[in-house]
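Handing you a structure now.
Letters A, B, C and D name the chains as they come in the text, with residue numbers starting at 1 for each one.
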Amino acid sequence: MIDKRVSSLTEAVADVKDGSTVLVSGFGGAGSPIDLLHALLDQGASGLTLVSNNAGNGHIGMAALIEAGRVAKILCSFPRSAQSQVFTEAYRAGEIKLEVVPQGTLAERIRCGGAGIPAFYTPTSGGTPLEEGKEIREFDGQRCVLEPAIKADIALVKAKAADRWGNLVYYKSARNFGPIMCTAAKCAIVQVREYVELGDLDPEHIVTPGIYVDRAVLVENPIDEEKMLKAGEHRKPK
Amino acid sequence: MIDKRVSSLTEAVADVKDGSTVLVSGFGGAGSPIDLLHALLDQGASGLTLVSNNAGNGHIGMAALIEAGRVAKILCSFPRSAQSQVFTEAYRAGEIKLEVVPQGTLAERIRCGGAGIPAFYTPTSGGTPLEEGKEIREFDGQRCVLEPAIKADIALVKAKAADRWGNLVYYKSARNFGPIMCTAAKCAIVQVREYVELGDLDPEHIVTPGIYVDRAVLVENPIDEEKMLKAGEHRKPK
Amino acid sequence: MSEAWNNDQIAAFIARDIPDGAYVNLGIGRPEAVANHIPADKEIILQSENGLLGMGGVASDNERDMELVNAGKKPITMLPGGAFFHHADSFAMIRGGHLDVCVLGGFQVAANGDVANWSTGEPDAIPAVGGAMDLGVGAKQIFVLMTHTTKEGEPKLVKEISYPATARGACTRVYTDLAVLAVADGTFIVEDMVDGMTLEELQKRTAAPLKAQ
Amino acid sequence: MSEAWNNDQIAAFIARDIPDGAYVNLGIGRPEAVANHIPADKEIILQSENGLLGMGGVASDNERDMELVNAGKKPITMLPGGAFFHHADSFAMIRGGHLDVCVLGGFQVAANGDVANWSTGEPDAIPAVGGAMDLGVGAKQIFVLMTHTTKEGEPKLVKEISYPATARGACTRVYTDLAVLAVADGTFIVEDMVDGMTLEELQKRTAAPLKAQ
């Protein structure tokens, strides 16, 4: 019998290896798997490459991983925010590498990683400094760059509900990178606020079919990122 | 006020021009916009390039267009079926050109047409006769071919329901090519069985956002392809 | 030699060899029979390239809905937990390596895993490939279900395919009416044969060297 | 010359110039104000690159939901008819040319339509591009909303951008605190100016030739 549900956050991330590439869903606080990130912090894997839209806020989530020295590199579209000091300091100190990728190119590279497309041409970043080092080609007079797929070892994703097959639905703008990240990782680990019975999700409404999900873990009351940030909480490895 | 709804099939296809490239949804009978195809047959446009998974059955829908001499070329993955004699005869008589495209490559080429990706590499068809004439490149030891996006003038699509913004939901396996075809055409024309009020479709469940739809037309009782085929009906231009 | 296995018997062998929890696509035609032989103690999730995951069996007359069909365009049902998605998403699933097994019909399989199943290469044939090439490169394992020889007795297991390729180096197992074979390291390894068949007899019907397990 | 226009006034001009029924993305920061000035007789559908179409206004305190945010990560609402989708679908919409207008903030705009809005090119700056480059190549029209000059009085409308490009030849209209300009055929064409401003005075604040309408 297929059952993707695991009993704890600890179990969900137990086998993440040093040096793994980890996709992290979320756009700002919406859809950020903070609980899974903290489980990973406690688990101890290091030398990680993170792929996410941002680079973490305050001293929690991705920022806590960076602060604990676990992150060797980050690929993101926008590492700068009002509360991204942890990343900024690590970057200026040369402790972390950064690859800035336009947001749509980042999304498409991840989708292609899951879709078996090794590379694609896009007009985005053509004629800009971000085209440097990339293969350039014109299509219909438009300057395009060749972009490679992103594949990962792990995806950490936050969704609304899962059934035992791992079928997922999301919640409002927390959907963002979740669906594509589940497809591009060898092991997609999803925290959900709710388990539902097989068949409760309408087949017309499932956003991520269970084939893309390896583990689902119930977090009924996920960490409220905004509240933690306001409280100035520093999350350290346990 | 945005209102994508038009009052008749005739109005929906009134301005299709000779020589247009037309995407046609459907996989077998599921999702085939037969009513729109017959409206196009009556409208009279010729020299069409059709893009669809199949090449029509019996003497209705795409087969009726081919039989009336309106189709110059067809791109599809599987033009052969128990009832594809109209296409077969036109092809053998040299009256219609054929480009056979692997089904997944066809789908991805259409998606890329809608997504602003001019071309992508895929392992599909690498090392087979269908790679002929295409640019070949190895990625991670895998032989890949470069495939161009497909963009079209018109998409003819069948969906379940639309609101006045053109938001769409589909019905079971009739979804197939519809969502991607709506994105890749300058003018996406959709026949639906039902109109719903704006706001009746849950934003979590909308499959095709209205931005991709230009015209929706109500066809409450669409043509039953199977019944017409069994009856051996020959649809001729009116 | 006793009688050759019929398609249902072959399909049952395949169903036996597919692991519990596997995601599987069954090609149109002969492979469809595998769905009828999945043991009750296994949960195997069937994908259909027209946008279905969690496909059930063939629809009964009162379930019949021509807008719910499989890749062979036959009306089918869905299991609880099933999902619908569009064609680009479906082939992202296929091409992206998410299916554990795809069972294809075949014209020829070569000892290096090359599969030919879409065209006999006759000059007047209407070419038609469907999703076979995508499945061939995408699924983690390709099982081929076919007769061991053509109607004319020509071997279909060969050193090199002479028909146009569907996918190169893709086939991992072959199930014929006479034998079950693994394809590994450029060789056919015989795992099972119909009762009374000897390796020597099977070799006579096969155009590539066979190896005993 | 009378006072420069404030951001709300500029935003109102933009809202006036966006046609009824348009699909529009508003960049983070200054452009967000355009949403507050859409005339009641126009239906304009706002897209947000984090997967929303049919965005409403900023959420009130009791509507506030941090899982429903815009690209600027502010809590917002949705209109009836709105839809959610994932990031790859959102940027397919953007890159695929489906948005009629995108309003971007800007550091510099050149007379050939080149836009710089993501980096001042300072060597120690943390590079961060977000979705600006995708929007720059994707939307049918790019409107840039910015001050006419920098705080130090340096012109931001230039012959050639000196800051790193966001997109080439993309900008079609510029709305500043001093003027409204079309960008066409490699020239800035002045359509409107603040009261009392002359073309000559505006030219002094602009590092590319201006043309009267």
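Worth a mention:
Assume a contact is a pair of C-beta atoms (placed from the backbone, for glycine too) under 8 Å apart; a residue touches a chain by one contact, two chains touch by 3 or more.
Predicted model only: the values in this text are computed from it and were never measured.
In terms of the stated touch criterion, the partners common to subunit A and subunit C are B, listed by label.
If you compare A-D with B-D, the chain pair joined by more contacting C-beta pairs is A-D. When each chain is reduced to the average of its Cα atoms, C sits farthest from subunit D.
Mean C-alpha positions place subunit B and subunit D at a centre distance of 36 Å.
Work out the mean CA point of subunit A and of subunit D, and you get 29 Å between them. Measuring from the averaged C-alpha position of subunit C to that of subunit D gives a distance of 54 Å. In subunit C, the residues touching two or more other chains are 78, 84-85, 91-92, 94-95, 137-138. The multi-chain contact residues of subunit A, meaning those touching 2 or more other chains, are 108, 111, 115-117, 122-123, 142, 170-172, 203-204, 207.
Chains that are in contact with each other form these pairs: A-B, A-C, A-D, B-C, B-D. The touching residues of subunit A, when paired with subunit C in their complex, are 1-2, 111, 113-117, 163-165, 167, 183, 198-199, 201, 203-204, 206, 209-212. Considering their complex, residues 27-31, 53, 77-80, 84, 87-88, 91-92, 98, 100-105, 107-108, 110-111, 122-130, 142-143, 170-180, 207, 224-226 of subunit B touch subunit C.
Residues 20-21, 23, 43, 45, 47, 53-54, 78, 80-85, 91-99, 137-138 of subunit D touch subunit B in their complex.
Interface residues of subunit D, counted against subunit A in their complex, comprise 48-52, 65-69, 73, 78, 84-88, 90-92, 94-95, 119, 124, 126-134, 136-138, 164-168.
Contact residues on subunit A toward subunit B in their complex (touch as defined above): 108, 112, 115-123, 139-140, 142, 144, 169-172, 202-205, 207.
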